[in-house]
Amino acid sequence: MQLNREQLLAAWRMMGTIRAFEDRVHAEFAAGGIPGFVHLYAGEEASAVGVCMNLDHRDKIASTHRGHGHCIAKGCDVPGMMAEIFGRASGLCGGKGGSMHIADLEKGMMGANGIVGGGPPLICGAALTAKTLKTGGVAVAFIGDGASNQGTTMESYNLAKAWMLPAIFVIEDNGYAESTASNWSVSGSQIKRAEGFGIPAVQVDGIDFFAIHDAAAEAVERARGGGGPSLIHVKLNRYHGHFEGDAQTYRAPGEIERLRRERDPLAHFRRRVTEAGLLEASQLDAIEAEVATAIETAVAAAKSAPMPPPPNLLTDVYVSY
Amino acid sequence: MQLNREQLLAAWRMMGTIRAFEDRVHAEFAAGGIPGFVHLYAGEEASAVGVCMNLDHRDKIASTHRGHGHCIAKGCDVPGMMAEIFGRASGLCGGKGGSMHIADLEKGMMGANGIVGGGPPLICGAALTAKTLKTGGVAVAFIGDGASNQGTTMESYNLAKAWMLPAIFVIEDNGYAESTASNWSVSGSQIKRAEGFGIPAVQVDGIDFFAIHDAAAEAVERARGGGGPSLIHVKLNRYHGHFEGDAQTYRAPGEIERLRRERDPLAHFRRRVTEAGLLEASQLDAIEAEVATAIETAVAAAKSAPMPPPPNLLTDVYVSY
Amino acid sequence: MAKKSFRQAINEALTQEMRRDPRVVLMGEDVAGGLGSPGEDDAWGGPMGVTKGLMPEFGRERVLDTPITESGFIGAAIGAAATGLRPVADLMFVDFMGVCFDQIFNQAAKFRYMFGGKAVTPVVIRTMFGAGFRAASQHSQCLYPLFTHIPGLKVVIPSSAYDAKGLMIQAIRDDDPVIFFEHKMLYDDMDEVPDEPYAIPFGEANLTREGDDVTVVALGRMVKLANEAADALRRDGVACTVIDPRTTSPMDTDSILESVGETGRLVVVDEAHPRCGMAADVAALVAQEAFRALKAPVRMVTPPHVPVPFSPALEDAYLPTAARIVEAVRGVMA
Amino acid sequence: MAKKSFRQAINEALTQEMRRDPRVVLMGEDVAGGLGSPGEDDAWGGPMGVTKGLMPEFGRERVLDTPITESGFIGAAIGAAATGLRPVADLMFVDFMGVCFDQIFNQAAKFRYMFGGKAVTPVVIRTMFGAGFRAASQHSQCLYPLFTHIPGLKVVIPSSAYDAKGLMIQAIRDDDPVIFFEHKMLYDDMDEVPDEPYAIPFGEANLTREGDDVTVVALGRMVKLANEAADALRRDGVACTVIDPRTTSPMDTDSILESVGETGRLVVVDEAHPRCGMAADVAALVAQEAFRALKAPVRMVTPPHVPVPFSPALEDAYLPTAARIVEAVRGVMA
């Protein structure tokens, strides 16, 4: 599918925002400003953005513990996200969720999820809502390679097919679940598994925004047209540890440096669009600078924002009780 | 694989015992003597027997809610089973388990199971024991078509393959899970699902004892030889309702009568062995008569056996507490 | 007023709410039945026939049979609730919670809190519980204490057909996730049940007997036994107040404390396991909040700390009985 | 005696038992780590490093990394236990129980009963629990009341490195299914821990403080806070007995009842949710069995009925503190 200049710039801005966001959170975590478990998405940007650029306000996504990228790509407020990760009252979830639970249902973002495999059943539900209320919407679950082994994920394949839901399963296979390699943990193959359920599936290169975008476009079209679920197997890489603090000794010496050098989705995008003359390097640089400023501002705001007051502990448990 | 005369007689006796057991339990339930939920295996005999004849004392099986046939085929004491179903102290489980929980770990029978999908993880464990202690044993899970959609089942495929366990998954596809047809509930196919996990799989006709026996022999050989898990998809039929009391209105008029007439595994076996001159009809008849007497005796014993005394309520919860 | 069974009452509540609100959908294993099968459609209406007739009226778009895949479809119900439907999902037996509890207690229960108040998850999970059916260890449990333990869930346990209808209607209209417990031995119980829709608010106990001597708190099928016991005791001059909290979360603690304030004596009757159970929960409440009023030790009538046995002889010994309640009441009166 | 951390103590218990008995195997996600990866083997030893070093000593045949498939591998541990191994399975966070609870509560817990006493299932499930890590709602729960509720399970909650070692050794040698709860904020706590193996029997409470005025029952990390509170109160002339039951199932009810018999006052401190929780369980026990001894209302110190919040500001407000325990003790003394 041909993307216009505006769309390409938006994609660049989105990917750049995710990268800058994640690298900055990495630094802030190391500096001690961010508590808890934080899982970063840097290196995987083309997946979230390539998929979500095909979605609109009718559509829902369910994310994983590694959710910042999906949030940003689905249009969540970036300063609100940063404040949330810092545990502030101004955070997207009032400081109650943190990195692992950022959500904005109004944007169709059904939440990062602390439970591996938590998302796929949920998007079956979102897809059912779309189908039942005839909104034309689709629902996407992002699923790690590790999460692909969880029963909840596989049940969802079958359910989505049996109900012919407008559902899309995106396997983000970054080669590892924590320190365990997917080439060990995933018997068979993602594509053949999907086919085992009668679900059309395709594998794409996770540094190639365009390939992901096209695969997602096809899946979204199938879903909106009543053709049922699809699966996309994206092979990609994460740059940071499983969570912040992970020394990544299970990776080969020099592995990450090499990936950054040779397999970077942003660099790949830049090369593609400039070599094809679709965008100027200067445009890309300008956006990068804007993004840097925006993240800087978001961090400053988050750091100076107040913590939630203790009485908030007791609110938001029930609508009424 | 060629079976000798003795083995063929044993198979016939086993299948006949299951049939007679189940038809008698059906009658006793209708007469009001048996309480609770009872799921009968009549029509599916060739599967349990064809598989279990390949097993020995080293091997374990995990069954389903429809477990009587597997119990008998794995050598559980038939009078003890009958007494258990009647809730008597002399039952295989002292009356505490009933139809849904008959087990005899000493015989390698790890239990009928009230939870659909409960068995597959358990046999991964039994297979791990065999592998770790190098007993040469294998472990078999019997799985309904409905149970094949349970996440626990699919997780077990992956785990068995990742650990290269001597595990065998036998899908007993009788076309229905309760009143829901497997042609609706099972997206894709059992064989392709197995292949999705890199597990060799084969489909066999469930009325054909010999086909099942051979498929199981191959799977057992693979497992014992360190070749990892296999899956066997058996297409078969149940004659009685999902549970006793089910009117089976979801089945086509005359469906069961036709199956009994044209697709009966016992009739098929009788025809095969007599036409090939392997056994005499009179031998088969004699065994049938013996079986009928044995079941009669088991029922009479069960009915006259005492109920467990109330203090037994409190025993067998813990080894020590 | 018409006499209706507990089963009919729930069926009627579901029917009326589905007529009222097109966002209400039903899902579960064989809630209609017969899908893909060559015979009758709507063949089952659930194993107990509770949802029979709904599919013919509302169609398969709103009455959805599912594969056996509780995590999948209970999770789907929750995801659907968070995005605009009001699903009623059928967890056939509560004993099956172990394969899908995550979606209930980590997702549905916590969305609103984790997301800072921005989520609404109006899902109802119907489920069958309780012993007495000779259904053995894996089909006879109560388990509502596990759900009551979890902040974010509401837990409803009707003890009569009248309550079942009103509480189900409230459950469907409620904006929080509700677990709705139906005792399998109550389905044929008859009660006066109005034809028109009515909602019974959560957190309001029902006093099924009133008396000054002893407060008896009971839930689900135990309410019947408590009433029986109270009636027998009344004949002997001991007057009990029987309180059926109807919902354990929220729970009407005021009614319990007020009554104990008057009687000074508490017997709690519960069919669930005793450890960290509802009997303990109510007893602890009273020991903390109404201690000064208590004239005697609190007494808990529950099964022992053992699984539910199959054999009728053992299951009958397992369950609380009216006789044991009478004995407990006499104990606190002594 | 050598000072060792809670983490080291558990590691040592596992190591010694694995040396003693070849049937003891370990399994879980990244319990070794690095499987199939190009870098270091034994890269993790669990997310908290508790099992680090075991794989190099015992090999991958006995220290088994697993796919993320808790039903699968917890079920496998149970099936292995029922057929001759003595597995220790790692459920990384107890919060993940919702995807595998069935195997634990319907299979492992009930085998022996359902099968009429013919099964032995010596499985240990290690799991991490508790708040304080800023790990938010899905990684901070306690949930041991849910396991304590279930007949057939044993539930162990060590509060010190010394206890952790001795209870883990007992857990592995025990013939029943044991759920072993490790508080994530205790791993770095140091204690005197003997080098040689020793087993602490289940169902025997530890009295960490003795005093005549008030009985304080506390579990897990709360024992530390209770001790702190007791020490502060002692300086003001209030003498507390602090009881750490160490195992909630079986539970040493005798020690609790005996102490309350002497003090007449009970404060229960628990980090789990309050409804149908351990605080209620202990309070109810005392209200039933030691009522006559009680001089004051039982007091429960727990978090409120809300999920665990992420923000440090809120999480600190969520958790019980020594100050709140002091206040509760003063309350029952008043």
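Observations
Going by the order they are written in, the chains are A, B, C and D; count residues from 1 in each one.
We adopt the following convention: contacts are C-beta pairs under 8 Å (C-beta built on N, C-alpha and C of every residue); 3 or more make two chains touch, one makes a residue touch a chain.
Please read all numbers here as calculations on a predicted model, not as lab measurements.
Listed by label, the chains touching chain A and chain C alike are B, D. A centroid comparison over C-alpha atoms places B as the chain most distant from chain D. Centroid to centroid, with C-alpha atoms defining each point, chain B and chain C lie 35 Å apart. Separation between the centroids of chain B and chain D, computed from CA atoms only, is 39 Å. Computed centre separation for the pair chain C/chain D is 30 angstrom, with centres defined by C-alpha atoms. Counting partner chains per residue, chain D shows two or more touched chains at residues 67, 69, 71-72, 95-96, 98-99, 102-103, 106, 113-114, 136-138, 151-152, 305-307, 309-310. Along chain A, residues 91, 93, 95-97, 101, 113-115, 149-152, 155, 158, 162, 184-186, 317 each make contact with two or more other chains.
Contacts between chains leave no pair untouched here, as each chain touches all the others.
Per the touch definition, chain B reaches chain D in the complex via residues 60, 62, 91-97, 101, 103-106, 110-111, 113-115, 118, 120-126, 128-130, 132-133, 139, 151-152, 155-156, 158-159, 162-163, 315-321. Within the complex, the chain A residues that touch chain D are 35-37, 87-89, 91, 93, 95-98, 100-101, 113-117, 146-147, 149-152, 176-186, 248-253, 255, 307-310, 312-314, 317. Of all residues in chain D, only 71, 95-106, 109-110, 113-114, 136-138, 145-146, 148-152, 248-249, 272-273, 275-281, 283-289, 291-292, 294, 296-300, 305-307, 309-310 touch chain C in the complex they form. The part of chain C that touches chain B in the complex is made up of residues 29-30, 33-40, 43-44, 47, 65, 67-72, 95-96, 98-99, 133-139, 304-307, 309-314, 317-318. By the touch rule above, chain C contacts chain A in their complex via residues 23, 25, 61-62, 64, 66-67, 69, 71-85, 87, 102-103, 106-107, 111-120, 151-152, 154, 174-176, 203, 250.
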